[in-house]
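Heads up, the next two complexes both have chain A, just with different partners, chain B and then chain C.
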Partner chain A sequence: MPIMEHKSMAWRMSVNERKFIETALASDLRVDGRRPFDYRRLNIKFGREDGCSEVQLGETHVMAYVTSELVQPYRDRPNEGILAIFTDFSPMADPSFEAGRPGESAIELGRVIDRGLRESRAVDMESLCVVAGKLVWSIQVDLHIIDNGGNLVDAANVAALAALLTFQRPECTVGGDNGQDIIIHDPKVVEPLPLVIHHLPISVTFAFYNKGDIMVIDPTHKEESVMGGKMTATINSNGDVCAIQKAGGEGVMPSVVMQCIRIASVKAADITSKLKNAVEVYNTERALRKVKRHPSKMAHQVSVADITLEDKQVKDLPRHQAKMACQPYIGSSQDDEPKVDTRTSTNADGNSSGTHADAFVGGPSKWDPYPLRVGTSQVLGTLTVVKEEQVVSDDHRAVECSLDHTTTSSSGTVSVSDAMQKSNTSKSLKDAVKCLLEFFLPVTMDFWMTSVATEYWHFAVVKVIVLCAIRCLCQWLPSKLMKAL
Partner chain B sequence: MAPMEVDRADGRTSNQLRPLSCTRNVLHRAHGSARWSQGDTIVLAAVFGPKAGTKKEENPEKASIEVIWKPKTGLIGKVEKEYEMILKRTLQSVCLLTIHPNTTTSVIVQVVGDDDRPELSLIQLEVQMIIKNNSSIIRAFLALRITHVMGLRTPQLLPCAINASCAALADAGIPLKYLAVAICCGLTGSRSVILDPTKIEEKVFSYSCMLYLLVDYFNCLDRGYAACAKISEFLRRSMESQAPSDLTKTT
Partner chain C sequence: MNSMPSDSASMSFVDRVVVPGDHVLDLTGMANQTIKLGAGLRQDGDAISVMKAGKLRISKPNKYWVESSHKRYVPCVEDTVLGIVVDSKFDNFLVDIKAPMLGLLPVLAFEGGTRRNIPKFEIGTLLYVRVVKANNTMNPELSCMDETGKAAEFGPLKDGYMFETSTGLARMLLSSPPCPILESLGKSLSYEIAIGLNGRVWVNAASPSTVILVSNAIMNSEFLSAAQQKIMVEKLMKRLQ
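Now for the complex of A and B:
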């Protein structure tokens, strides 16, 4: 009866590769070209929700999710919250990882991170207490190892920290009828609270070779399988040593250990700054996202016809897919920006045929309370356009051109000239006043909207008054001249 | 029965899908991997190629497929086991099992994002369909969900996972008969079909009576069929456009 033979299929390094790595290290070279104390590229991304982070350290890929719930506290700590860390060595990370029971290295990793976060008092537990002895917040960090490229501890640690820094728990108050009920407020109604984190413990892993003579930082997967011993130092940016883990392996001199700790403190400061930058970028982006916008009315991406296929949509698929393919991950909302840009540009161009192209947008819609502004801003760009409009509009264009120094509210001027043409027939003073009022009212609205928006309102008011005056003059003067003559 | 226009929370009409995105070869250790996202529902699938040996209850004359479903948070429960079973049966009909007898191919599915609203939804008819390329319907799977008994479930995870797994299998080079795509259709209280429902939408829809007409079911099937044609085209184009960057996977 054939049985599963996974264990025998475990990956083993060949003798040649092993010798190659050892020889290279003896001459201070690493297989991927790094120097012995160089880290691989660290890439921190966040998901759409709070408390969701994805860290890539070279080829190692770790995801962290933070969730919270209200539970009873431990009996010996009635006014402290609970922090639990679950590590999941997913079989997709390494063929030797098995689903189900966590292996030794998984448990060790969980312990190292737990020690760094909880026992060093990095996360404030007392702020998680709601009702002492009865209800506290329990924060659970789920770490998923997706890809094992070596040095899982460091990557997982950064992922856990990034997720905890961006996590926000819902606000809850004690109230209700009897003053004993706990009300958990909806995150959309009441702003959720971030966790209180005092310091950031960063773990730095060293691998030892050749009986402790050679040490490297951040070993890759292949270097890990060749190493003689491993040590992880958890240090924060102040230089405080939070934890040290050296479990078995080759013996090293104490001086080597001290040197490693010194190097680790330098590296920890570096990683802390990277982490803080990434978190800040995410926080600003999240704050921008919280600004309420009108729901997008644009059709979203792939649209299916009722039962039959429409050719139009098939043609749009390559464009849509090309756009989608170059944005595989919606980590930060950087992809929202280009989408909004395309939409405003097509709108400004008045391109109605590009509606299908607009359909690729999924970001927030532009919010323009003064739609007329689009017209004037178009016009603001080119003085010639204004002049052309004036030429076309009316026969008082000489007056218009001389007066119209400001390019604002050309649409306003067009409407003014129209109104003026309409009222050309009236001859008496009363009629003149009536006409003034007649076109003052509709024009004012226009002017008000556009001018206030464009902050040239005082020019507009002056212009209106002068125009009215001139119009009246133009009406009276000919009649007076006639009388005089 | 005239289809009624339903007002959906994110502005889609009843026939519109969320934005699709597919990237292959995202992992370094796995033989094949794909990341499939439909809106906010993101699933990562990894495939480890044929390993020698099968489990005791499997047929040694054929290759067997092992599916491991990893939820986003929490421990593995019955829901995950059910997903694994459905996915396994689907992929067994998609792969050419006779080429590598007595081997096991592992497919690991990790949920990266789901429309995470911890709200219980109301009764809803869910039709999840897995369709071969422009041809027949392999499995139209009816799931009647009653909230307080079954608990929280996101209906659009399974179609997303099926799409991701197929893309990952293709990326790993496992011989397949065809590519399968999946779509989820929901039936609202007003008996109109909506495609690709999100978790929020389930909260809104209610059903007064428990009888589901056969007409509704076939209506669902038709709509889903058309939608799947679209998705399969998208999948095909994405596979053609992405040239494999890392051809060697030795470990």
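Now for the complex of A and C:
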């Protein structure tokens, strides 16, 4: 019967290595040639989906995934979202990791990262609330350890932060027939929202040797087997201490702990800048990915818009909308509201949109969703039934979504209406118009009400009438001028 | 006449990449010759076939084997390896040699070894040993003596630092003429080194900084050509001064 190895003794360290590491550290030398307070090379990569990151710290390799779902909140926190961290110590990372239940070090790692994020309120929980007491977003961070080269806590922390920074959750609104339904908007239709992250808590791990006299940063796997004690300090770039973890090991003097925290704050600033750079590169690349998907059909469709807008009937409007591959954009939503009121179709805005279409190069410019006027009689259909599959081509949506983007609610409705408008169904255009109307009316009603309340109502009336008159004039005049000429 | 095609056939496979299933040698015309088969080769009736993917090597006059580079070690007879003592039993030391099974080192397998002077190895001792028996069904058997019974540098290694590499790098370091990295390091530094075919390398020098330098230089030289290795060592030396 052959003698098999016992599983827990799969990796052994020789006496020579142990002694050598300690003697080298006594002369401030580390086995891989680093100085005692040097980090290994940090490499942050992202996957194709949002919220997926891969971090390599020297030989240590960690991946993080962030997912979200709607759940009921905890009873004692009815208007806060939920953040959960799950660690998976894969047996391929280290011979001592076993599949199945997480071991002690796995639980400790998850707990340290969770404390850094939750107690310091790095991730804003209240913005994850949808309906207080009933529905909130639950964000789950999955950390997978691919290779254990030492210092898993730091690598996993950076991976979790990178994934949270690039994660985007779907937009959801309260609406529906009875105004009570929660509608989750398809990320392809409505731009998803990033998480609100106030600051970045970075964890820095120290290993102690020789009864606490010698300390090094970012220990490798071999250094970790020889160390006497370990301490992790989680600090953000503002210098706030978010968490400290020293579980067992040799005792150290309080002065040593303070020195470690000071060193950690310097290192944290460095790592924060690296993380932010990597996230920025990824975000620009993601935005470019959406813009780039415009093939050359842009060019001739713009000229088509010029020609076909001239003498068309209003009822042909949806077909034209579909033909116009790209429209110039307006940065704000204020211009939209006046146009909704008028009922005649004119050439003016059509021409202006045509000329602006030539200037479209992929950057934000004048945007006009309704170059032709639509009559309110044509507005049919219900509001934002956004969950259905849109037949819209990715190109149009992507361009609008990426270029015209402010985080106010007005642009939220505007982007919804954009998406609507560009679809091939006529119903959606009317939906969009209706939703703009619905937005505009409450605003004026509020204005009206407050004015009445403050007894300046007559000013409000006059202002509204004047505004309407100006808009009508703006539409009629050019057409009249054209006819005169 | 029959031997000619088989010779040329085997010659055509030598130093080339072979995969499992290739027949590299035909024995029909070699009735009076003895051929030694090393790792990765098997006798299939009248032909020698390959069991492991790698490069076919020949050592004159008649030894053939397949060479490949892995992080794990498959024990082969007559290999010299570095092992770490895991446990000591009544008549064997259990030694880890990076193989699927623990190696057994008989307590009497030392020069002048008797029941009275059994060496005492604590757990974690690094040993330079030779593989005596290797079979994929049994634990490999080791020895601290050469065939004639002399100690011949086998035994425990004191101090120094050990690191692990792939088996390919270990073979490259053991090649003769000496590997360029070891030569150029030896020109400016003095160190001693023990290389195990299981991928373990032990380095010792007077100062820890020399040991660290040598070990990192060797680890980084695995995929460099000879000229690149020399350039790397020169740069390291310049940086030291």
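The rule we apply is simple: the second predicted complex is superposed on the first by the 284 of 485 C-alpha atoms of A that agree within 3 Å, B and C clash if a C-alpha of one lies under 4 Å from a C-alpha of the other, contacts with A are read in each partner's own complex, and residues count from 1 in each chain.
Keep this in mind: a residue touches a chain if its C-beta (ideal position, glycine included) is under 8 Å from a C-beta of that chain, and two chains touch if they have at least 3 such contacts.
Source: prediction; values computed, not measured.
In the superposed model, A:287 lies in contact with neither chain B nor chain C.
When the two complexes are overlaid on their common chain A, residue A:32 makes contact with chain C while staying clear of chain B. Judged by the touch definition given at the top, the superposed model places A:149 against chain B, while chain C stays out of reach.
In the superposition on chain A, contact of A:189 is made with neither chain B nor chain C. The wider contact with chain A, measured as residues touched, comes from B rather than the other of chain B and chain C.
Using the contact criterion defined above for the overlaid structures, shared-chain residue A:19 touches chain C, although it does not reach chain B. Applying the stated touch rule to the two superposed structures, the overlap between the chain B and chain C interfaces on chain A comprises residues 2-5, 9. Note for the complex: chain A touches chain B at residues 1-6, 9, 11, 47-49, 52, 59, 61, 63, 65, 67, 88, 90-95, 99, 140, 142, 144, 146-149, 221, 295-309, 313-314, 317-318, 321-322, 324-325, 327-330, 360, 362. Chain contact summary for the complex, chain B toward chain A: residues 3, 10-13, 15-23, 26-30, 33, 35, 37, 40, 42, 44, 46, 48, 51-56, 60, 68, 70, 72-74, 102, 104, 106, 108, 110, 112-113, 116, 195, 222-223, 226-227, 229-231, 233-234, 237-238, 241-242, 251.
Chain contact summary for the complex, chain A toward chain C: residues 2-5, 9, 12-20, 23-24, 27, 29-33.
Looking at the complex, you find that chain C touches chain A at residues 84, 86, 94, 96, 101-102, 104, 122, 124-126, 137-139, 157-162, 202, 208-209, 211-213, 215-216.
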